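First the structure, which I've put down as structure tokens, then a few questions once you've had a look.
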């Protein structure tokens, strides 16, 4: 802050209001420099797409173009897979684990060194609040690299009685909601285990992935160990169906996940799918009310609700339902929606115009199905893509809004009378990624944890992630785990030690 | 005395703890290598499969909630039953044409497998679960959960059939097993052994007949959570896996190998986060 | 003063999750407060301050110097208004009252066997009455933590209610001494009991323990105040004392209040910082904001 920016004192207005209005506190963009043209990372070098095609990435908060990015095609995927195969056969597979570890530790440190730059770039490119990219996405991404680096020379300890070996070349496809974090979730265990990678980041959020690619060059990774082929759905489909890979790891929609499942049917290609969700967030009548409110708010408005494990269905016990929803309405009125680069912004920009249209369509549909839609009075920025925090009440459970993943800042509210009813409602979905439970009674937490069909259950907390903790879904939320020893195993072949 | 004339056994399906004939009224004639008719084995239909899945679903949550120790004891009881009928099972294999020493080995392997998985039940979470050292004040525990209802297409070997089934139920799943070929008679008898081993009705359902007639229905069924294709010919797997994608069934091909990988194939991981204040 | 044991017992029902509370408080306390908002927040901090001296070595001279500082927080910037109150031991109330006569600065006195509260009720009440008679506008007492921790809520309640009676027209600030209560559940419960007994303000600490105000405790008490308001319509103030030493900390607390109770609570009538060294840091920050140059602590008056 420079004193020259000091605004004149408005001695007339109430100091409490002047304080609480929080004048914008904008994180400077100066720390990042975005290249106007960005290539593919193949065999350690930046190259254009074979056919020279590119696409434009846009800043969600302004709608303005940020950069041109190479649009990878089949030929580029071929080149990348070939480079990855060569790196696998010639150097990475047989490199002692302790040496692979050093590369990954180096990468983790380089990411930490430039954490603020990555955070600002993530926020500009993806629209998430800088507080989240700075305090959650980037530190967690570095933590994933650091954690898995330490596994590289301990793979035989991962599963008792089993000798571990890498799988080969891994095709990885990441989503746009946690761009760099999901890349770290994917590449860290893959590379630690001795696999090489062809990575396809989400088309709307490629920039931090490309910058990480540059860091692998700074870290002097052997060429071809990590290859990045940017592009859209067709690029990803070409990668997933490529005959030269040994595993596909995909995070994204259930619909695309199923198509990838079909693409690898009948082949020995292994698969990890981390797909959609419709997480139930259960609040019992004995819950710590204020903390449950915060948990519910964080559960659905974190990252604008662009979270596969979001707690998008609130199930609140009847005795406290009215009071709880009243307080929730009041609370979301205090959320600060706006410029993602403002350090005080709680809810940032919707990632793309298409996603905003989908959310609006869902909310309209809810209205037409007779649900009551509440949005607090809040001024949304005039340009860019924004959506007010939304609570939908009067929901029975059969409405589209209660069954389908909205992937936006939209919470449905249902009530329950008994624990059994809560579990039945929570489990009445084809998904099974996450669930939350708020109660002060320990035995009730464990009862719910045992009965909720979900891969992750948060008790008296929500949306917590850690590299040491396995994450992933059941049912149509996908299979396989990421994080922890169980996530590591997904990148290994195991043979019994006889 | 009329001991010269054998009393033939009627081979029926095993669904929900009972021994129905196929609702379709169809049977599969089974002949010995000499061409002599051994039995008209009940041939399961898609409606029998539907009933079996329904029974498996109904039994699943109760079975999963039993203690691992209890499941282990029940599977051990199954091993006892197998041992007590060792001769009969071997005889059933040889009658359908399996070489004597191979049959001996197969039955012995089946008994070994049941004992192996009986002892695995209360080790599963020790081996596959974890307490995770997350960077925050939370108790973070990963434990196994069963995917739910498993459709098992077993190879025509008793050991694989018993091992896959035991491994799946060891982890808290319930099963619908398709069996045919050389084990078709032994599979019929296996139902009788399961029924006398304190395995609750619906936990194991055995559909004899022609597996290839039914595995597509199993792959399509929305209420089946996992499909083990060990007994499916390679050329058919692609079709089944494609169909299984519709509800994202887990697909495995364990063949009942006695190791941790098989156990892991029949489990999923659920992670629970709970606040734990480390400092006051 | 009425006996309401069943109602008091029912206050136990509401509970607090420690980690989630701390997480929320930490997030609120790390709002990025810049420029105009910062200036307003620093001014509010001064306006809501109880400039305090509570030492065995206090003298009339020391109290008079502090009163001068209370009136002119930054002698070089008359635009910075006076603090809300000075807070002293009962025997120095007269000194403070004389020094501040005719000014808007209130005189607050600790009383009731501060800081332990361990004395006979009649002595404690007599001390309150004397302080009020000597000119105290506000009385700060501590609750009986022994009775509270033993579960004798009615006794705690009646003790506070008697103190409120003894205050007459003076405002009663009831100190929970949070550092001795052991849990957020207890802090919340003590807040509710103190409010039910008629406290005008609830206050974190005596300042004599190492654990005093923290963001989580402030949030916990602010939420209790909001719930009391919802249930009874009564507006109770909050005073944070002990451990608030820097302007940055103070701004964090203001955000906690603003986003929990609303800006209506950011007035000296409903919110106070009890502090001694905080004022200097706030003045340094205000000078920096005005001049763009970092200021020197030694240039500030010693009070």
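Letters A, B and C mark the chains as written, and numbering starts fresh at 1 in each.
Just so we're on the same page, a contact is a pair of C-beta atoms (placed from the backbone, for glycine too) under 8 Å apart; a residue touches a chain by one contact, two chains touch by 3 or more.
All values derive from a computational prediction rather than experimental measurement.
> Can you figure out the chain closest to the middle, judged by Cα centres?
Minimum centroid-to-centroid distance belongs to A.
> Would you mind checking which chain's C-alpha centre is most distant from the centre of chain B?
With centres defined by C-alpha atoms, farthest from chain B sits C.
> Which whole number of Å gives the spacing of the CA centres of chain B and chain C?
Measuring from centre to centre gives 69 Å for this pair.
> So, what's the distance in Å between the C-alpha centres of chain B and chain A?
Each chain reduced to its C-alpha mean, chain A and chain B end up 37 Å apart.
> With chain centres defined as C-alpha means, what is the inter-centre distance between chain A and chain C in Å?
Going by mean C-alpha positions, chain A sits 43 Å from chain C.
> Hunt down the residues of chain C that sit against at least two other chains at once, touch-wise.
17, 19-20
> Two or more other chains in contact with one residue: find those residues in chain B.
138, 275
> Residue numbers in chain A touching 2 or more other chains?
Only 460-461 qualify.
> For chain C, which residues are in contact with chain A within the complex?
Touching chain A: residues 13-17, 19-21, 23-24, 31-37, 39-41, 43-44, 47, 223, 254-255, 258-259, 263-264, 266-267, 288-292 of chain C.
> Would you mind writing out the residues of chain B in touch with chain C in their complex?
Residues in contact with chain C: 137-138, 275, 277.
> Could you pull out which chain A residues touch chain B in their complex?
143, 159-162, 254, 257-259, 261-262, 264-267, 273, 275, 430, 445, 449-450, 454-461, 464, 466, 468-472, 474-476, 478-479, 481, 484-486, 489, 494, 496
> Residue numbers of chain B touching chain A in their complex, please.
It comes out as residues 65, 127-128, 130, 132-136, 138, 140, 142, 145, 147, 225, 237-242, 244-248, 250, 259-261, 264, 268-275.
> Mind pulling up the chain A residues that touch chain C in the complex?
1-7, 9-10, 14-25, 286, 288-292, 294-295, 334, 343-344, 438, 440, 460-461
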